[in-house]
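Below are two complexes that have chain A in common, paired first with chain B and then with chain C.
Let's turn to the complex of A and B:
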């Protein structure tokens, strides 16, 4: 197919065949785990990992990323890559969640602590982006995708400077960034917590050691797998976004169902590997 | 009580180290031209603008710093396991990690610049000799400060992650915060200093970066000097606040309400930053622009 014949909006179309194939792979992995391991801690861990992956993949779509054009004030958003910014926020959340997991067993408290850690990182970063644009470059915030900010109602087009698509972070993009950080932090922490519980249970028997002796290994393994799976899901979502996105008001945001299916399948496949090293 | 005071002291020290790390990271990446504005450094020769700016962007700042700091932290951890004094171990680990950064910077500059040969862009060996060591020096400060704060978090505050894993987590966060905050200042204000202040760079001007300084041709050391005025310190304060507030809410409030204390304080801090952000946005709308008459009908 030539470039002229290619569908110009192919990026936003949802391919139903691919979605169904993805869902079938997901169900096969879940069913195989259930038949081999039964309703065990490993099975619960797999479900938790899939939910965590979906939270990350969905959350990345909220993060306003402008890439290289944003660095020249040519497009709105934060001047860095989608996957990397989301990873920075999500891992900061994972840091907080892992710390909370040391002192409490309440899953809800641990996951929300991780979420708030990610949200906090994004809130501070987004505020400094606005600070640099306004006080360092003298540029007001203006969206290129909507005429009015959906949250504040502020009109946008007249604040766009000539020859640009907009610049800075309108308030809706700021809120999107914080929500993205919350989802990313929660997802990363949930994956870590599920794997940690599994490893703490299985490793002492496998290694013929006391629970206290295997704890550092369990923490390290769960942390490494959580970071790895975070990056897998963030990069998948970045491919779905293709370049830049302004936040939840951007038309590209509507592509998120594809990312949810893709993240679920990728998390299931990665998760089964992380589980198999101790459970099979 | 004593442990809380100790925890707050460590938190403050970690926040201060993070501030230094963030500032050094941003200045390093701007001297090396590693962030997103590097797209213009790469584009300029293709548009006919030959320049003497360093060019080492192969990976984004977050994965690059994730690598270097995880490497520094891993080596420091190994040295500590060999019973070497922690300060010496961190210096040695950071030093070796910086050599990896130097190799990366050298090969990146040679490779990227050589790829522009067909557009007439020369590889300047004097640039390679004088800039690489400066980026390495800034990278050492960033890596040393971040590995030290990771060591404090692990050894003094008792975070469960081992040192190399903390290095990876905070290295990626450092690169993300530094590139998000500092890139626009370098990209718009420095590379396009010839464009109007208070407006974005028109897309038609892409590639026409400023190539001449007060005397002779501009090089990346001039860009480092410029970034150190606002982009670097702002990145430093950004990363310093992230580390400080994350540790502060945990150290002081984690025991309150079975963990809910730290969550509530975190939410309050997020709301405070949201109010500050909105205030700055509204202030800018009142004081700058509008650039054109308001549009009556939405035309999205």
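Let's turn to the complex of A and C:
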């Protein structure tokens, strides 16, 4: 973004035609996969990837992203962009999930481990960001969007400096950040796990090799695709909130239905390509 | 309805850069066919030159898109470029000699859908959004293909997934196939991903502002491209013969030094004033 940029004006209106076109693309991709490949591992993988993408796109809306204004103490949130925060939480979740995937086959356990990884990363980030805001920059935590913190009930306006949109990290934003990390980590891990299971099944036949030999390739391919899809979904969600959001109490949070449609379509399109590598 | 913040005044038009970038990248990737003609892997560095051409084009595309103030920061554009590009690039490796062309077409389709989602479903309403995301996805795919070619010494007759996943380990003079010593199995692709994603977003992020000039930003893009190429050349050492890796490293270092000195020159031209101070002052009397 340019240093002298005006605020982007992407409104909160919902373009129904575009939403319907998006949903039609999604249904075409799902139907095509079902008719070509039937109810197979590849079809289950596609559904898992779409659910994972939706979790990521939804989760980003909880994360308090402050951007450059937050770094100057002029807006609440963590002082960096969505791409960095979401990548951090998602990759931390992916590491947790990948570690669990080595030890168990239980999808629920693996996905929850991934969620805990992402949530933990966001919790640590939020805590140290607050330390730096309060003890380093000397600013109190105050929201500019609500008069009272929805969770603790603390009043906000008397702590807010004039001319700012609030600053620091209010408690509700902290909780939002952890919830966002949980969703992001779970979504990223689900995509990874679905692709890993598919590749572990299909690659040995495709490459005429033993399952043990292709494991590094399956892990690397699934991890790479998971990172790619994670970033695509996170950046699309970032476009939806036009860069900054305070957390679940922010009015921009209500835009999430658009992001869910966009994430589902984007994950379906990217997912079908990732599946076709081994299935066609 | 978006305010366009900065105009492109003078300089080379974006269409020219786009066409030149696409052609230069594809030609450089296919020039690795010299590897087949000569029976060596000495010409792998053309893959690196392809990434430099694509990154120069990409930094201008980012300038084109981000001058509308998308609000998410410049790095996010680099991330979505490579996030969509890696998917297209890996799928394209199923098609052998046509892989670069398939990568371009498939990346364009993915970029088109992502652009439509961003522009219409998410209501961004930025005139160049769809075109920019199409270009970004193509650039992401081609840069990754370029790094793959450079690090593994592929030639156009073997742009295949099996070539990306199979490497060789020499144990006691015996050459054994190994899946871990490879572009994918060794996860070199993850490093290539970040080398490209950082190199593509940095030039505009560093040069934006009221005194943005096109030639300075493009020179910085070339410098970032060669800097990434140096790293890629070092990473290619286990996968291709040392002589070929050293040729790549030599080309990258020469390119980096030239573009870096040019960039410093252009920065001084655009600066209001500058003072020649050294990072570590010489202390007299030693």
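Following the convention adopted for this analysis, the second predicted complex is superposed on the first by the 270 of 280 C-alpha atoms of A that agree within 3 Å, B and C clash if a C-alpha of one lies under 4 Å from a C-alpha of the other, contacts with A are read in each partner's own complex, and residues count from 1 in each chain.
Convention: contacts are C-beta pairs under 8 Å (C-beta built on N, C-alpha and C of every residue); 3 or more make two chains touch, one makes a residue touch a chain.
Since the model is a prediction, treat every value here as computed from it, not as a measurement.
**Student:** Evaluate whether chain B and chain C can sit on chain A together after superposition, giving fit or clash.
**Tutor:** clash
**Student:** Name the contact category of A:19: first (chain B only), second (chain C only), both, or neither.
**Tutor:** A:19 sits against chain C, while chain B stays out of touch.
**Student:** Taking the superposition on A as described, I'd like to know which of chain B and chain C A:224 touches: first, second, both or neither.
**Tutor:** both
**Student:** Scan A:171 for contacts with chain B and chain C and give back first, second, both or neither.
**Tutor:** After superposition on chain A, A:171 lies in contact with chain B alone.
**Student:** With both structures placed on chain A, which of the two partners, chain B or chain C, ends up touching more residues of chain A?
**Tutor:** Counting residues of chain A touched by each partner, the higher count goes to B.
**Student:** By the touch definition at the top of the document, which applies to A:239: first (chain B), second (chain C), both, or neither?
**Tutor:** second
**Student:** Once the shared chain is lined up, is A:161 touching chain B (first), chain C (second), both, or neither of them?
**Tutor:** first
**Student:** In the overlay, answer first, second, both or neither for which of chain B and chain C A:213 touches.
**Tutor:** second
**Student:** Tell me the contact category for A:277 with respect to chain B and chain C: first, second, both or neither.
**Tutor:** It touches chain C, and chain B stays clear.
**Student:** I'd like to know which partner A:70 touches here: chain B for first, chain C for second, both or neither.
**Tutor:** The first partner, chain B, only.
**Student:** With the two structures laid over each other on chain A, which partner does A:265 touch: chain B (first), chain C (second), both, or neither?
**Tutor:** So A:265 only meets chain C here.
**Student:** Quick one: from 9-17, 27-35 or 117-125, give me the piece of chain B that collides with chain C in the overlay.
**Tutor:** Of the stretches 9-17, 27-35 or 117-125 of chain B, only 117-125 runs into chain C after superposition.
**Student:** If you lay the two complexes on top of each other, which residues of chain A touch chain B in one and chain C in the other?
**Tutor:** Looking at chain A, the two contact sets intersect at 67-68, 81, 84, 87, 216, 220, 223-224, 227.
**Student:** Provide the residue numbers of chain C that touch chain A in the complex, in ascending order.
**Tutor:** It is residues 1-3, 5-6, 66-77, 79-80, 82-88, 90-91, 94, 106, 110, 113-114, 116-118, 120-125, 161-162, 165, 179-180, 182, 184-187, 189-190, 193, 208-210 of chain C that touch chain A.
**Student:** What does chain A use to touch chain C in their complex?
**Tutor:** 1-15, 17-19, 21-22, 25, 67-68, 81-84, 87, 207, 209, 213-214, 216-217, 220-221, 223-225, 227-232, 234-236, 238-240, 242-244, 258-259, 261-262, 265-266, 269-270, 273-274, 276-277, 280
**Student:** Can you tell me which positions in chain B touch chain A when the two form their complex?
**Tutor:** 35-37, 39-40, 60-63, 158-162, 165-166, 168-170, 172-173, 175-177, 179-189, 191-192, 197-206, 230-231, 234-235, 237-238, 241-242, 245-246, 249-250, 254-255, 258-260, 262-263, 266-267, 269-270, 273-274, 276-278, 280-281, 283-285, 288-295, 298-300
**Student:** Considering the complex alone, what residue numbers of chain A touch chain B?
**Tutor:** The touching residues are 67-74, 78-81, 84-85, 87-89, 91-92, 94-96, 98-104, 106, 109-110, 112-113, 116-117, 119-121, 123-141, 145-148, 152, 154-155, 157-171, 174-175, 178, 216, 219-220, 223-224, 227.
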